[in-house]
Amino acid sequence: MDFGFKHILYALLTVFIVLNYGLILQGIVRKIGARVGRRYGIRWYQPYIDIIKNYAKRSTITHGVMFYIAPVFRLTGGIGLLLFMPVIFGSEIFSNFSFAGDLVLVLYFQFFGVLGMALGAAEGGHPYSAIGVSRGLSQVTAFELPLTLGVLAIAMQYQTLNITEIVAAQQGGFLSWTLFTNPFATIAIMFSFLGAMGRSPFDVVLAPQEIPIGPPTEFHSGLLGVLQLNRAIFPAAKLILFMNLLFGGATSWPELVVKTFLIYMWSVFVGTVFPRFRVDQSVRWFLVVPLTIAIIAIILIRF
Amino acid sequence: MEYISMITGFLLVLLGLWGVLTQKNIIKIIIGFSIFDTGLHIVLVSIAYLRGGTAPVIDKAVKVTEAIEKVVDPVPHALVLTAIVIGLGVTALMLVYALKLYQNKKTLEVQSFNDLKW
Amino acid sequence: MISPIHIITLTLGTAFFIGLLKKLNLNISALLMLVAIAAAGTISASWFTAILSGAANAEVFTAGFNPPYSINLLMGKGEALITLLINLAGFLGGVYLLKSLKERGIYTMIIYLVFIMSLNVIVMTRDIFNLFVFMEVASIGIAGLVILDKSSKATQAGFKYLIATGVIAGILLIGIAFTYYFAGTLNIDVIQQASIINFKAGSIAVFLVIISIILELKPFPANGWGIDVYEGANPGIGAMISAASASAMLFVLYKLAVLVPESFLQIITAIGILTFVGSNLMGIKQSNANRLLGYSSIGQIGLLTAIVGLKPFLGAQFELIAVSILISHFFAKAGLFWLSGIVKKQNLKDWAMLRQKPYLLVLFGIFIFALIGFPPFPSFLGKWELIMKLAHSHHFYILAFILIGSFLEGIYLFRWLGFSIKMEDANLPPLTVHWNKIIPVVLSALGVLGSGIYFGTITEIAASLKYIPLLFIALLYVIDFLPVYVKNTVSIAGIGYYLYTIYPDLEGFKLIFGLIFLAGGMLTLVAGYFKTGTRKGFYPLVMLMFAGLVGLIEAHTTFEFFFAWELMTAGSYFLIIRGKKSMTHALSYMLFSLAGAYLILAGFGLAHIGQSSYALDILASVQSFAPLVFILLAIGFMTKTASVGLHIWLPGAHAEAETDVSPMVSAILLKAGVFGLILLMLNMGSQFIGSFNIYYALAWIGAITAVMGNMMAAFQEDAKRLLAYSSVGFLGYILFGLSFMSHLGWLAAVSLSVVHFMFKTLLFLAIGGIVYRVKTKEMYKMGGLIKKMPFTFISVLMGIIVIAGVPPLTGFGGKWILYNAVLEKGWFFPSALVFFAGIVAFLYCFRLIHTVFLGQLKDEHREVKEAPFWLLLPQYMILMVIMLFSALPNSLLKPIGAMLAPIFPEGALEWQGQLAKSGFGYWNGQVIMYIVGGIFVVVFAWLWYMNRNAQKVKQFNIGYSAERPSLPETTHFAYNFFAPYKKALGFLVSPLITNFWDSASEGVHAISDKVRRIYNGNVQTYAFHILAFIVVVYLIIF
Amino acid sequence: MVRNSFRLIILVGLLVIFSTLVWSFNGNNELNSLAQFYTQQENIEAVNAANLVSAVVVTYRGFDTLGEVTILFLTASIIGFFLKKKLSDTQRKEVRESSDILVTASKILVPVMILFGVYVIINGHLTPGGGFQGGAIIASAMVLALLANPHMKFNHQLFNVLESISGVSFVLMGIAGIVYAGGFLDNRILPGGEVGTLISAGAIPLIYIFIGLKVGSELSNIVGNLQVTQNEQ
Amino acid sequence: MIINNTIPVLLGLMMIMAAFVAIYHKKLPVAIIAAGTISLLASILYLFLAAPDVAMTEASIGSGLSTIIFFYVLNKIRKENGTQ
């Protein structure tokens, strides 16, 4: 576990791979959404173009230092979440800095991004960004509870918080995945995964129609570029996390791509089918359905 | 003999208390009080009585030597003597209070003097 | 030695002599009167000192014949002390009433002198008829003195008094008559030998004598007439009745208690307790000062009657208990009556006049604290011994009633003190104080303090108390006129020196909490420099609180612990009440801590059953009622850590306190409760009621407190209240951690309490600075202060990151350990609540920083300056420490772990460099810090470089969809910030507990109002009460 | 009516208490030890007062009498202080002239009563009576005189001086008892004489005289205060 | 022995009746006089109880002086009432 120089190189390599995967994944998913809507949809490499365009531009105005902090926090949160998780089980290269922190660290890292986003957007001085942030925070805290309890159940089941050990325990055929050994925990976590992704039933925060000038529209050019970069990495990192926890992790990149894509499809399917929740509805929903399932999961583990 | 006096004494005590408790007029209460006092003194003296005893005074009738058999117990008499004068003192004081109360409220009804309550 | 008979001859002779020289001018006769009383006082003082140093009791035979045949007077130790007190009160009362006595003519002087003489005789005489005669003299004397003012109320009171004492004297006379008949003598000692109580009639005779003595002491149902006298009479006379004549009658009861069989004593105790609780209950509803003092003095006398009744159980300690409580009642009550004479205002609220003369307020405070029984005063020692003995002899009901009674007394006395400190005194008349009115008050205050110290030295358990801190406070009080910075440096130096002296023998928890208390205290005091002027009376009170806190650390015996606990409560009460609108909050704070203190006292009492020493570690070996002791002490401590049911005092107290007081009270004072709990848990280990583990209940209480505290914090509009509720929540966390009784649990709890101290001081100082500048606490009135107060912003930002537990900073470490502890312990449902609380904590953190700093800057705050330097300095000192602990987490966790190892050997963290490995996972604070820092710096630098020449735009320069916002206020979204969240989970926050406590206090007031209705002012009902009381007690006994 | 029934119940309760006392009271057919001591021959000779009750009142339980005297002194001063009328109603109302029968009878009776009172005081130690009774008789004589001619104004000053002198001397007698004889108020400071003669029983007659004067002046003072309508000088 | 007891019984009964009169009679002067007679009868009873001292005191103070004081106070109250 020595903190050698080569670790940093390996980590950068992982980030690069996951970045590209994220961008492509975004493109494809938007293409699928269009095709479901009987439209042709964007090219699959459209996200690359957006990022390159944004980075080319220079922003003429700035709202002060705190304004920069938002996207920086967000991106650091995304990359941080990725770096402290073993991406490819077994390979020494792609296990990043998972030796430094365990499941609890990863869980709390999600807050890191949200906190930064909230601070930055509020600094923008725009009232609507504050409204958006308060809604975002309420929602994040809502889905956080079932997620934590589900994770707790898994940790109790495997008697460890170390992600690599959890993935190791799930090797040996898909029957030994947490999906089957601890179904209730998985259901609870997958429900809260919907909230984490921020797709349609719970996307009142970022939904363009809801607030014409929500936090994302507040940022432009370089800042928006960083945000889009994060929008690629952060979901991918979450997918990897849930894959490691529930679906037996990945021993090779193709396996990782397939599994994460399928997990993502779950939130896309739910997204396109269900209408959008108001914030209090989503808070109530999260603290009723997934919470009870998570509690059942814990009870099962205990006895 | 001393039974009768003691019983009358206690009856007077009870009557006195009944007067104090039920009468509305302040002067009547004070009268009840003085009856209560008189009753007490009668009880006190009747305790001293010795059957066939004579007054505790040495004179021609009672020689110094055989005083011990014939004389009634002098101690309660001394106590009653003091008690009567105390009774007088207290009654006089109450009457003066009654006068003052009358000057304040121009009535002798006891209920009207309840400025100090709760 | 002058024979005691001369007390009588002197006073009576002077009385007759004054009567003789009617023509003489009044000054000389007044002087003569005072000289006579002083002479009597010196005689009894000389006898008291002689008997104390071993001389034999003085026996005076009147009329040359030995006792049974003539009246004899005894001057023993008790008589000497009580006569000394009476003459002292007589002298001080004389000085006090000098002006009114002279106005009313020499008759009143004669009455006064004869009254004092009669009390002396009552105490000394050994003959019951003589006692009857001189009781009559005393009652006529009082009846005479009551009408000193010649007001109609005084006359009515006098008349009621006469009727009542007349009836009682009559009953006494019957009792004496039949005692004489059966025992054949009137002398107490001979009656005792005759032991006439063996057969029924004899015991009835003695019963009548005793019951009339008790009736003279105004027992609860039959004391309407007593209270009317206190209200009607001139306060100077009220002082004499409540101090002098009450102690005389109490001594008579003590003298005659010898004749009485065991069953009577229990009845006397029952009557005493009933009086104590009943009159204190009725005291709550009083609004008239003298009448309230009447109720309180009758209550105290009831307590003393009960103590006389408990004599056989109190054994050797009886004198100490009885005398200490009597002396504190004596001085305090006399002083209060004289004070009410000076104030001349009957409505309690008008006592705010005392503030016109601060030294009067201090005297008033001294008397109130002496009555309740706070440390430096004798009654503290008396109550302690009483409770110990009662617990020892298994009188739990009596113990409980005494504590309830003194709690009720605490309610109305502290409310009264609150009125005098806080009610506005704009339209009250000016206060004029004559020399003769103030000297007795000052002397009685010195008397009660002096006797307190004296008692402290002679009893062995109190001898070990440390008085150095108290001397330091006295010194500070002396230099109170100096400006702030001088006193501030002196007090910081004082604490620093004291910390330096006790540092070597601090180890383990004492070290940690010692540092929090003292080092933390110094830090918060540094913030005190920002105030200018002299800030009168602040520093002694701060030192009082810190003396209490340090005393807790250094306490070896339960007595020292309780002594320090009470000091701390007193100091913090005064600190809190200094805030502007803090009267009600300070009152609720004091009442909760008072109730807590009494629970602790009861707990210590039960713990002492069957123990010889008072050492603290006897808690480990409690024989009987161990779970009950644990619960009592735990609830007692939890009143200080504001757990869920007992928290309603905290938000108000912390929010209304001054800028630099709130961090002290919130960050440091709550730790006292935590320290108490740790001490308790260390010693008593896990307790079970049947099969149920109490710690599980504690975990639940901790969890619920955490959730409730954080939820309430999220919906507060007032910044300081938000922080106060966050303290409640965080202490729920700590309590939750403590209840695990496992290595990890305690590691989390202790490290969290250290972290809590740091960020709470940080945040309270920061918010204090903002409130100081912006002059309002409402968050929605602020906004966009980041531009004006950047440094404060940084410290608040760091603070909330620590609370939220977001990874890089030290907060996360505590959360991580707690997570592992939960996995290890397996209590999941309370843990679920705690995690939910952790997440909700995130909400109020953001609300604080958003509404205050971010968003639009309001017009009126355009020229707001940065917070004063002296507030920022401690904040940045703490920030450095936080950064240190975040970067090198094991510098905080390793020492605590090492300290916990002996207590909880298994489940410790092993450290490899900065990497902490627990049973389940691992965490390397340093690596995380570097990585996150690295990414942050890279991306930030890159963005900064990309937009380096962007033009700075003012916040308000925003247009959207072709419309410009008109006013900055409208665009700052801060009011009801988490509206949707409140809609969803608002029901959790409904003020259930506050309503519960309000309805409880309403109930008590209603009962008190109904009960006091029995005194309807009609003298016949009072006479009826007396007779009914006799018959009822008769039926009970026979 | 309900209230009276409560009172009745309570008084019945008291009756029960008293009846148990009376029930166990069976008179005494011979003196108890205390009374025997007072009536023994050598003790009578020690005090040698013929009237044993006076002996007990003045010497054996002299302290009670001291208390007793202070009570009257106290009552007199309270009434004096309390009834000091303001000058509100000073106009002299015309007082109905008392009937001439009363005037003439009082002229005869007043001197006889005073004489009788003095007799009772002086022979206190021999025949039943004493300071208190004599003083009361003198006071009632004063009252009779007052009734006879209402305009007569008492010289309050005289009574007060008389009262205080006798009080102080009573206390001095007590102190003398300590110095010369056994204890406070012991009567053996003067020669005992022998039982029955006028000059006997030590200081008892002297003390009784002082008491008589004191009681007489105090009671007439009280009555005087009640009588006087306008402010005293 | 019978003669010996009949008079005290008579005295006792008369005293009780006088007490009733004293308490229940409407006019105050009559009540006061009744109280006076009670103490007079009491002093006679004392003679039977061989207590001459007490009898004299009771007669002079009990019936004499207290009745006088009662009447004086009554008189003053009437006068107070009359002047208004």
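By written order: A, B, C, D and E. Residues from 1 in each chain.
Definition applied: a residue touches a chain if its C-beta (ideal position, glycine included) is under 8 Å from a C-beta of that chain, and two chains touch if they have at least 3 such contacts.
Nothing here was measured: the structure is a model prediction, and the numbers come from that model.
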Partner chains shared by chain B and chain C (touch criterion as defined above): D
Higher-contact pair (C-beta pairs counted), D-E versus C-D: C-D
Maximum centroid distance from chain B, chain identifier (CA atoms): A
Distance from the mean Cα position of chain C to that of chain A, given in whole angstrom: 55
Averaged-CA centre spacing for the pair chain E and chain B, given as whole angstrom: 11
Chain centre separation in whole Å, for chain D relative to chain B (CA means): 15
Between chain E and chain A, distance of the C-alpha-averaged centres to the nearest whole Å: 108
Residues of chain E engaged with two or more neighbouring chains: 52-53, 57, 61, 65, 69, 73, 76
For chain B, residues that touch 2 or more chains besides their own: 2, 7, 13, 17-18, 21-22, 47, 49-50, 55-57, 75, 77, 79, 81-82, 85-86, 89-90, 92-93, 96, 98-100
Two or more partner chains touched - positions in chain A: none
All chain pairs that touch each other: A-C, B-C, B-D, B-E, C-D, D-E
Residues on chain B engaged by chain E in the complex (per definition of touch): 1-2, 4-5, 7-8, 11-12, 15-16, 18-19, 22-23, 25, 27-28, 30-32, 34-35, 38, 41-42, 45-46, 48-50, 53-57, 72, 77, 80-81, 84-85, 87-88, 91-92, 95-96, 98-99, 102-103, 106, 108
Interfacial residue positions of chain E with respect to chain B in the complex: 4-5, 8-9, 11-12, 15-16, 19-20, 22-23, 28, 31-32, 35, 38-39, 42, 45-46, 48-54, 57-58, 61-62, 65-66, 69-70, 73-74, 76-77, 80-81, 84
Complex contacts: residues of chain E adjacent to chain D: 52-53, 55-57, 60-61, 64-65, 68-69, 72-73, 76, 79, 83
Complex contacts: residues of chain C adjacent to chain D: 3, 5, 8-9, 12-13, 15-17, 19-20, 22, 60-65, 68-71, 104-105, 107-108, 110-111, 114, 117-118, 121, 125, 127, 129-130, 133-134, 136-137, 140-141, 143-144, 147, 150, 174, 178, 181, 184-186, 199-201, 204-205, 208, 1024, 1027-1028, 1030-1031, 1034-1035
Complex contact set, residues of chain D against chain B: 4, 7, 10-11, 14-15, 18, 22, 25, 27-32, 34-36, 38-41, 44-45, 50-53, 55-57, 60-61, 64-65, 67-68, 71-72, 74-75, 78-79, 82-83, 126-128, 130, 132, 195-196, 215, 222, 226
